Each structure stands twice: as structure tokens, then as C-alpha cells.
Amino acid sequence: MKKLLALLLAVMLLVPAFAMAENVIKIGVFEPSTGDNGAGGKQEILGIEYANSLKPTVTVGGEEYSVELVIEDNQSLTDKAISAAQSLVSKDVAVVLGSYGSGVSMAGGDVFAEAGVPAIGVSCTNPNVTLLCDYYWRICFLDPFQGTVMANFAKELGATKAYVLTMLGEDYGVGLGKYFVDAFKGLGGEVVEENFTEGTSDFAAYINNAVSNGCDVVFAPCATTYAALIIDQAAAQGVPFPLLAGDTWENSAILNAAKGKDIKVYCSTFFDENDDAAAAAEFVSGFKAWLNADSSKMTNNGGNDIVAAVSALGFDAYNVALAAIEAAGSADSAAIAEALPGVTYEGVTGAIAFDDVGDAKKDMAYIKFANPETGAFDFVKTQSVGQ
Amino acid sequence: MSEMKANENSVLRLTDITMQFGGVVAINNLSLEVNQGEIVALIGPNGAGKTTAFNCITGVYEPTNGAVYFHGKPIAVNHPQGRMAKQYGGINGDLYKDRKPVVYTPDKITHMGIARTFQNIRLFKSQTAFENVLIGTHLRRTSNFLTATFRLNLREEKAMREKAMNLLEIVGLSDVANELATSLPYGKQRRLEIARALATDPTLLLLDEPAAGMNPQETDDLGEFIVDIKNRFNLTVFMIEHHMNLVMDISDRIYVLDFGKQIAEGTPEEIQKNPVVIAAYLGVDEE
Amino acid sequence: MKNGKLRLIISLAVVALLYAGGCLVEHLEGTKSMVVTVLQKGAVYALIAVSMNLLNGFTGLFSLGQAGFMLVGAYSYAILTIPMAKRAAVYQYYDGGWVQFTVGVIPALLVAGVVAALFAALIGMPVLRLKGDYLAIATLGFAEIIRAIVQWDTIGPLTNGSNLLKTYPTLKNIMPGNTVLFTFIVVGICIGLILLLINSTYGRAFKAIRDDEVAAEAMGINLFHHKQMAFVISSFFAGIGGALLAMYQGSLQANSFKSSMTYEILLIVVIGGMGSVSGSVLASFLFIACSEWWLRFLDAETMVGDFKVPLLAPGFRMVVFSVVIMVVVLFFRKGIMGTRELWELGGRRQAKGGRRIK
Amino acid sequence: MFNTLLPYLLAGISVGGQYALIAVGYTLVYGILRLINFAHGDIFTAAGFFMIYLTASLPIGISIPLVIILTVILGFTVERVAYKPLRSAPRMSIMISAIGVSYLLQNLMWYLTGGLAKQYPVLPGLSQTIRIGSATTKVVTIVTPILTILLVFALVTLINKTKIGMAMRAVSKDFETSQLMGIKINNVISVTFIIGSAMAAVGSLLYFTNYTAVTPTVGAMPGLKAFVAAVFGGIGSIPGAMIGALIIGICENLIKAAGWTAFSDAFTFALLIVVLLFRPTGLFGEKVTDKV
């Protein structure tokens, strides 16, 4: 019995587990569909899938390749992300899209770099994602920018003392929080900083601290799971000041939490579904129709057909990847990695072109307000740093 | 009695030992002495406190009051302290008031040269007979974990193995050296425990009911065996035993314990005639 | 005796063959292959599992602090080896951090072990006096405390707080193209040392303590001293294991060293057999291969034609996996190997026993 | 000063009461089986999920008793399947089995719920906000300590006054002897798990009303803390578990108030270690002497 087992083990270890069909190019989708960021990750996947449904093939060197999406769940955890990334790499994906969440992207980046597979960050905003990895590019703006934008906005709302709340161990939130603090202090504001540990569910005391410290704005970039609890508590305590956060809060979980409550929630994001640019409008209507046609997709989007910015980014990321493959004229990872920096693309979230580090040169954020009456996001304004 | 003149030949001396658990006084003011080269037996009905006395000697328990000396050196001294001072139920509670308490852990006491066996055999159950004895040689090692890991102690290791094998031969178990200790028959397990105890190079051997569970033939053999190893290793033996034949055969002196108190002391002949013992112990046992 | 020597030679030959095989796989399959991943991670887990087995299986101390010591080792390694040029970027919130030097990989690995061992020595002093499950829960608690300290913002310039550590030398940097060989060598040396220790007089003393503390103490074995020794040595290797894990992962975050990580390692030890080094090694590779590779298909929603295969959905893999583990825990309590080693399988049963316990 | 501390105190008392309800399960099981039931925290989580799925289709009035029943069934099943076969095995094996069950339950819940946080339903009456002095809080904060004290009182009565309570006390004093005395050990153990699970279900109702996101791993930390509370109070003592839990709940929130958030969890474990070292029997535990 044991010998048989050992033999089986040996055979399974040695048998390579891949089979390549002809003229298929694989694109890895490295996203969380479970865990703290699962909700956002699913929306990002939807954008990618929608783009794939529109352009299921790519022409390389005169030959038509069909594109196959290989989706791997990184569970919003940095250690699981490594396994997921390895799994993608072992399935011979040519290029990777993702992830929602910076920590997992940074963790996975090393695996992609090692394998020489280029990765295109969709909504991971921490500078280190691209800075510390030569194989990571990104199509969204960065936290220093986003933090500054929100600090400016907070100032415009008349805030003088900000309460910044982030989760320990979350690169995205901690990073964005720091940039906000720097910017807000630079504008002459005062800041009270606190953080909570993973799994915290009691935010009563935190909100109370914000009140008792005389803060007049809360900035809490964190995963939607905690965001809903924070909004809930803030509403329960009837805080008079607004809650601000970054891109993660543009999610139906936030809308649900804020709905019907006396609370002002703002977030910055990459895209607005009421954008009147032609490409954006076309994407929005097409995406909504696509969602409405399939109830399971609708569920993954949070049960409604509101277009999340991350879906738009996912859509753009897919198209950037195709553009890179076409530019490379090859399905080979190395060639794509070489072609990527030169790719420019006019996406639904704006023009995309990469700088030396691999970041998209984006200088505009959309600020949205979670309307408690309509249960939808209202577009407030676009904001750049210069303003 | 505590600071009496030291007997040159004294190997083990207990003075005024009281052991109290909560409200239960297991041993009350026990004093006894075991001299060089003697075989001394401690007898008494079940629950008389015999094993407790062993545990006080070997450091498993800290006596509530009294002192234990080994070759004249105190290895346990205590007097009722703390909460025990209030609920102390023994006698002579104030004799050791001014003495500094002395506590040694069982391994330290074994180091000094007291080895023991257990009433309910406690062999290392996942180890072979040989390994059980080998473990007994560990305490006299000179190697540290680094030299042992890097095998810089080969000579010592070899000596340990030879010694263990030798002891197995002496107790007549060399043929089952590689058998799992717990798979051996009862009598052999008892002998193995003795071999393991001998591996620690003791000068005093405490045997806790070495003949328990043996048939008369085995018991007789055991008696000879105990005398034999006593002579061979120049030991002093202090044992708890229920088999009266064995006790009467090989003991030089006998202490009798009942309800934690010493009721008699003397040679086998004296004990056999002692009316108190007959009444309290033999009488009860015979019923 | 002769038989034993022969078996030793055969075992060594098999190990050498396995090493050669491991390296060959990497050259044949390339670094992208899942086999290589399994071999790397499996080897790292093997070391960690063996280090835990030294405590739980051989010394009978039920400690659940392994993740904490791995964390210490991993952080020590990473902090010491991040290249100077990258420090400013890694410690972006802490002005480049306090540590302004780097050391080589091998010294850093050793330091990782030593720091973990120092922590163990400190923790062991109070904790090892506890018995059984109290020891388990106290070590678990200490692991959590260590994690909290590492994430503490005040020492952020040292540990980068709760943020990722990256850019330190990983497996591929040291022996490019031979990552498996490097892992196997380091792990092999460590496990070899543990084996030598277990089969020395100290190892016998550990086993004596496991079997019967009272009898061991009566045999002159200083319980605290030996427990402390096992605890410190186990942590030393857990620290090295943690450092290797960091090298394997390429990035490091305190958050992933939770008690669930300790539980996983404990389950590996149980599957392999408490008290069997080769069992732990075998179980590690099996465990990693299943969780990273063979069972992954269970997580993918699969269509066969138009038919959607039922049950298959994200998370199903772990369910199947944990059911298998429960079956082992309940019905095959001795695990794959019991207390025996691979090289004893052919030999006489009673040489080591395990089987003959009624 | 008091005004800043008040919300923390309130949060502490309420979370402490909820820990207490979980801790009862630990202390009872440990008292009888000498087992740290690592799966208890996950049973608590499962109760949260039961509520979410039941209220999706049933009115709350029916859901609540159903949740308690389902949780009890789960606790009972876990004992029968994972602990009973190991009754004669070494204690380490049972503990490993408990860890295995915890692992299984977490993975199972992850699979069944898709790994995303679920929103706990709003319980009318409990979820309203009220003001106490300068602090705003939910009604549940006030209800928790009262309900906890009532339940603990009822349980203590049960254990001291009824036949099954007497059997439980006997089994926890001496497992083997009580078996010889004709006590049906398995029944007693089952009752223990049933009571523990029911308490955990009630605890989950209160806990998740306050903190509304349920994830598969959400129960692990409260579970461990509740165990610490049980040790702190003196394992086996039910009032001890309650007082231990309240102290832990309050302390951990006061630590947050002091700005040491990162150490609020670590504090619990530090407390555990200190208690184990200096007073292993806890605040109200009985002293036991080992037999050699």
C-alpha cells in the first residue's frame, strides 16, 4: 500500500501537467473573488470578462489567436496570492491582469517577475507595486496622487482636523492613509491617526474617538467589509462630519450601508458611469446590457447594474493587454513585456500611456458621493492635484 | 531528633517527615534510617503512606515538615509554611522552623545517587528494553547537545551502549534487548526497571513493590537477584514490599507503617513477633 | 548491525537520487512548472514540520507557537538582506528604516535561526513549566503576541510595520536555475542535523520525556533543561524554515503567520506520524502537492460539455482537503509512518516498535 | 475623562458579555473532557451564518429558535463524530481532532458562503441606537450583560439543583469513577455540548447584532478570547468564566482607548500567560493536586 502510494507520488510529480491547444493565447486574471476584497475583485473580473466577450480573439503576426481567460482567486491574502500567481504561471499565461488590492499584487509580482510574465495592475494603487517589480505595469493612478486629491477635497469641504483610520497589515490602506496625512498636514490641517486590526468588527470606539478629538472629517481607506461597519457605526452615532475614502469604497456594499442613513460618504475613484465621453458611454450601456442578460453576473456585481470604476479599469486592462500582444506581434511573454511600455491606448477611463516606472500617467480622479436616498453614487466633481 | 550525631554508616535518614495533602496527613512524623550495605524494607497496609515516603525521598513531593538526609547531606528540609502553617495536622511542626527549606528536583536527587523503580511500572513505552536502559545512562554524560549531534562523543556513546548491554545481561534480559519494553512479560518489566535504575549509577536503590504481580518462583528468584546486585554494585537497598516471604528472607531491618505513622522497627524476627504489628498489620491482612 | 549499515547506505543513495531528480525536474520543466513550486515549498514545509515534530512528536510538548518562530526567522532574514538601494522604497513610510547594512544570505539564514532560538529561550523559561494543553494555548498566545509586536508601528523602521517586505534575495537569486537544489541542500542539512540529534543521547532523553515525564525525571533527566533545549532547537530550525519560506515567497507580511499556519503544520505532522521524521517530510510534499497542485481543479467551475460539474467551486478544494485530514485524524491516528522511519520499513518490526503497542 | 472612556467601557461590557456566553461552552467542555474545544469559535460563527440564511426566507421570530436548534445539532454532531471515537485516545489526539474540526468548519463555511462577508440581519429591538450619557450605542449593549447574567444564573441553578447537573459535576470531578457509578458518560457529554452550543448561539445573536459582518473566520478570535476568559475565571467555574470574560472585554477596550490598538489582542494572551504562571487555577478554580 505504502509503496504503491510512493510510486503514485513519484509518477504524479514527474508528469508535466500541461497541454497546449493551437492558437490560443492565455491571459491570467489574478483577482480576489473571496476574502475582504472579494466583492471588488469580482467586479474587476466582470470588466475583464466583458472586454473578452467583445474581443475574444487577437491577431498576432497575421494569425488569429483566441484569447482564453485563466482566472485564479488570490483570496485577498498575500500568502495565498503567491500560490495563485504560481498557478497562473504554471498554466503558461502570456500576460496577467490584476489585482484589486495592492498587497496581493506586490506579493504576486515577484512570481510574475521570476517567470518573466508581464502583469498589468488594474486598480492596485500603492507605488511599490510597480516600483519594486520590473514586470508590473499599471493603468490606474497612484496613492500619493489619490491621497493628495482626497486631502484637497477634505480641505474644500472645510475640514481642519482629520481622523485617519486604516487597517494594520493592509498595504493599500496604510499607504493611502500616509499620503493623505502628508498632504493634509501640508495644507495646514491637523490629523489624528488610528488603526484597527484585521477582523475588527467593533468600530464604535473609533468613531467615538473621532468625535471626541473634535475631528471634522474621517478618512478611512479600507476594504469594503470594514467600510460597511464603519459607516454603520458612524450613522448610529450620528456624526455630523463626512466620511472620505479611496477607490475601494466605490462599491455597492457602501451604498447599502449608507442607504437610508443620515451620513455623508465620499470616495475618489477612477471612472464615472455618467461620463459623457463617447467611449465611456458606449461601455456603460454595453456593460449594463451584458450584466442584465445574466443573473449570476448581476449577483457578482453586487446585485445591481451600477458600473463600478474597477470594472471599467478591468475593461481597459484587457484591451491594453491585447494592444501589447498585437504590438509585440507574438504570444510570447518576453516579447509582450518588451512591447508593453510603448503601448498607448485610449480607454474608457482615459488615455493610458506608461512612464518609466510602468505607471499610467493619470492625473484626474472622480469624486463621488454615496447618496443615502437613491442608493446610488452621485458624481461630485473631478479633481486633480494642481487645483 | 533532628540534629543527632551523624551515623558514619548512614546512607539515608528521614527525620520527622510529615506529608500533608490539603487536610489529609499521608505521613505523620516518620523517622527512619538506612545504613550502608543494608537491605531495609518498608511495609504496611495499603494506603499507609509507603510510596508517599518514597516520593518524599526522591523529590517528587516536597515534605510538609521534616528533613531527609542522604549520606549526611540534607536533600529535603521543610516546615509548614503559608497556608499549611494554619492547617498543619502533623506533630513536631515547629522543630524545623529555623531551618532553611531545601528542595531538590527528582533528577538532582538521582544525580546524587538515589535511583528508584515504580510501583506501577513506568517504562518508556515506545522504547526497546535496551533503549530504556540506555536512557538511564544519560545523566552521567559529559557531552553537550552539540558534541552529541555532531557525533564528537563516539567514545562515550560506545561506553554507554556497552554499559547498558552489560546491565541487561546482568538482569538476564540481553536476549530481549531489542524487544519493545512494554511487550515484555511483567516479571521481566520489573527487572528491566531495576536495570534502568542501575544505569544511573546509584548508591541507594529504592524498590517500590518489586515483586508485585510475580508468582512464588519469580519472587524467590527476585530475592536472590536483589541480594546479588546489592553485592555486585555495592548498593544499599530500601524497598517497599508486600510479599512477606521475600521481605523476611532478605531484609536486614524492617520499618512498619500504618496510617502514615511508624508503628514498629526491627529485624525480621522482631517484627514477626511484634504484637502491635500483628494486630495492626498482619492481623488485618490475614482477615 | 550490518543490516543497519546497509539500510543507511541505501537511504543515503535514495536521498541522493531524490536530490538529483529534484534538480533534473527543474531543468526539464523550467521554473514555471508547478512541480518546481511543489518541490520548493514542500521542502520548506518539510523542515518546518520536522522542527515541530521534534517538539510535539519526539519530546511530547504540545506547542502551537511554530508560526511565531517562523515569523521571527523570516523577518530577521528579510530585514538583514534587503539591498541598501531598495531600502528607501521598501521602508517608504519609515524613511528607509533603521537597519542600514546588509549581510549575506547564509549568515542571514543562521541569524534567522539564532534570533528565533533566542525568542524561544525567553518564552520557554516561563511557558515550559506548563503542562499539556495549557502549554499549547500559551505558546499559541505568544505567537500572536510576537505578531502584534512585529506589526507595531513604533518599531516600523525595523519591521516595516504591517507592510510587505520585499526585494530581499529569494531562492532564484542564489542559485539561478537550481532553486530546488538550493532548497534541498539547506533543508537537507537542517533535517540531517535534527536526525543526528534525535538519534543521540539527547534525542533518547527527549523521547523518554515524551513517554513518561515522571520516570524520565527519576532517571536523572532534568525536565526543564531538556524541554528548553528541544524548544530552542526546534525554534532555531523553525526560524530557518521561516527564512526559507520568505525566500520562497519573495515577499513577506506578518499577517500571514497566523495560528492557522501553525495548525496546518501540525496537521502535516499528524498525517506524517508524530515521531517520524520521514513521515513529516513525506506528508509535507503530499500536503503541498495536494493543496497547490493536484486538488486545484476542485476550485474551478468546470463544464463537461453543457453539464456543469456539481460541487466544484472556489473553496471546495479546502473542504475535500480538510475532510481527508479529519479522516486521518480519526481513523489513522498514527499517520502514514507512525513512529517509524522510512529506512526502518524493511527491518525487523520490534527494532523500533510502534506497531506492537497494544 | 469619563466621557471619553464611557463608550469603551460600554463596548467592553457588551463584548465581555458575549465572550462570556461563548466561554461557558469552553469551561463546561474543558471541565468534563479536559479538552480545549478549538471548534467552539467556529460553531459560534456557524450560528451567525444560520441566522443570515434563515432570515432570508423566514421571519425573525421563527429564525431565532431555529438558529439555536441548528447550532445545538451542529455542536452535538461535532462531539459525536470527532470527539467520541477518541474517548480513550491520548488527550493530544482529541485536541488535534478539535483543531481539524475547526479547520474543516472554516473551510466548509468559506466554500458555502463564497468567502465573502455576509451582512447580519437587523434584529428589531436590539439594533436601535440609544444614548447613554455622552455615548451612543445599540440597545444590545445594554441587553447583553443582563441576558448573560440571567443565563449564567439559570445554568448554575441547573448544575447545582438538577440530576443532570449533579451528573455533570460528578463527571468533571472524576471521569472514570462516575462511569463506574452508572452515570451515562456519553449523555452527560452530549448535554454539555448542547448547553455550550446553545449559549454560543445566543452569544452570536448578540455579537453579530453589534458587529454585523460575518465571515468564515470571524469566530476564531472571539473563540480564543473566550477560552482565555474561561481559564482566567478558573476553568470549570461558570460564574468565573463570566467574570473573566467581562474583565477581558473591558480591558481590551480600555487598551484601545489608550491607543494601543495593535496590542488589544496580544493583551488577552499576555493575560492568559500571566494567569497560567501565577494562578493556574484562575480566579475561582479549585486547586487540584496531581497524583504520581
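The chains carry the letters A, B, C and D, assigned in the order they are written, with residues numbered from 1 in each.
Note that contacts are C-beta pairs under 8 Å (C-beta built on N, C-alpha and C of every residue); 3 or more make two chains touch, one makes a residue touch a chain.
All figures in this text were calculated on a predicted structure; none of them were measured in a lab.
Remark: the per-chain Cα centre closest to the mean position of all protein Cα atoms belongs to C. Remark: among chain pairs A-D and B-C, B-C carries the greater number of C-beta contacts.
Farthest chain from subunit D (centres taken as the mean of C-alpha atoms): B. A straight line joining the Cα centres of subunit B and subunit D is 47 Å long. Here the spacing of subunit A and subunit D, counted between their Cα centres, is 37 Å.
Distance between chain centres (mean CA atoms), subunit B to subunit C: 43 Å. Taking each chain's centre as the average of its CA atoms, subunit A and subunit B sit 73 Å apart. The multi-chain contact residues of subunit A, meaning those touching 2 or more other chains, are 33-34, 73, 168, 195.
Of all residues in subunit C, those that touch two or more other chains are 151, 153, 214, 314-315.
Along subunit B, residues 60 each make contact with two or more other chains.
Contact residues on subunit C toward subunit B in their complex (touch as defined above): 193, 196-197, 200-202, 204-205, 207-208, 210-212, 214-223, 229, 233, 275, 339, 348, 350-354, 356-358. Subunit C contributes residues 56, 62, 126-127, 129-130, 132-134, 136-138, 140-142, 144-145, 147-149, 151-153, 214, 259-260, 263-264, 266-267, 270, 274, 313-316, 318-319, 321-323, 325-326, 329-330, 333 to its touches with subunit D in the complex. Subunit D meets subunit C in the complex at residues 34-36, 81-82, 85-86, 89, 91-93, 95-97, 99-104, 106-108, 110-112, 114-115, 217, 220, 224, 227-228, 231, 262-263, 265-266, 268-270, 272-273, 276-277, 280, 292. By the touch criterion given at the top, residues 58, 60, 105-108, 110-111, 115-116, 118, 122-128, 131, 134-141, 143, 145, 148-151, 153, 157, 160, 178-180, 182-183, 196-197, 199-200 of subunit B touch subunit C in their complex. Within the complex formed with subunit A, the subunit D residues making contact are 3-4, 7-8, 10-11, 15, 110, 114-117, 119, 129, 135-138, 210-213, 215, 217-218, 220-221, 253, 256-257, 259, 261-262, 264-265.
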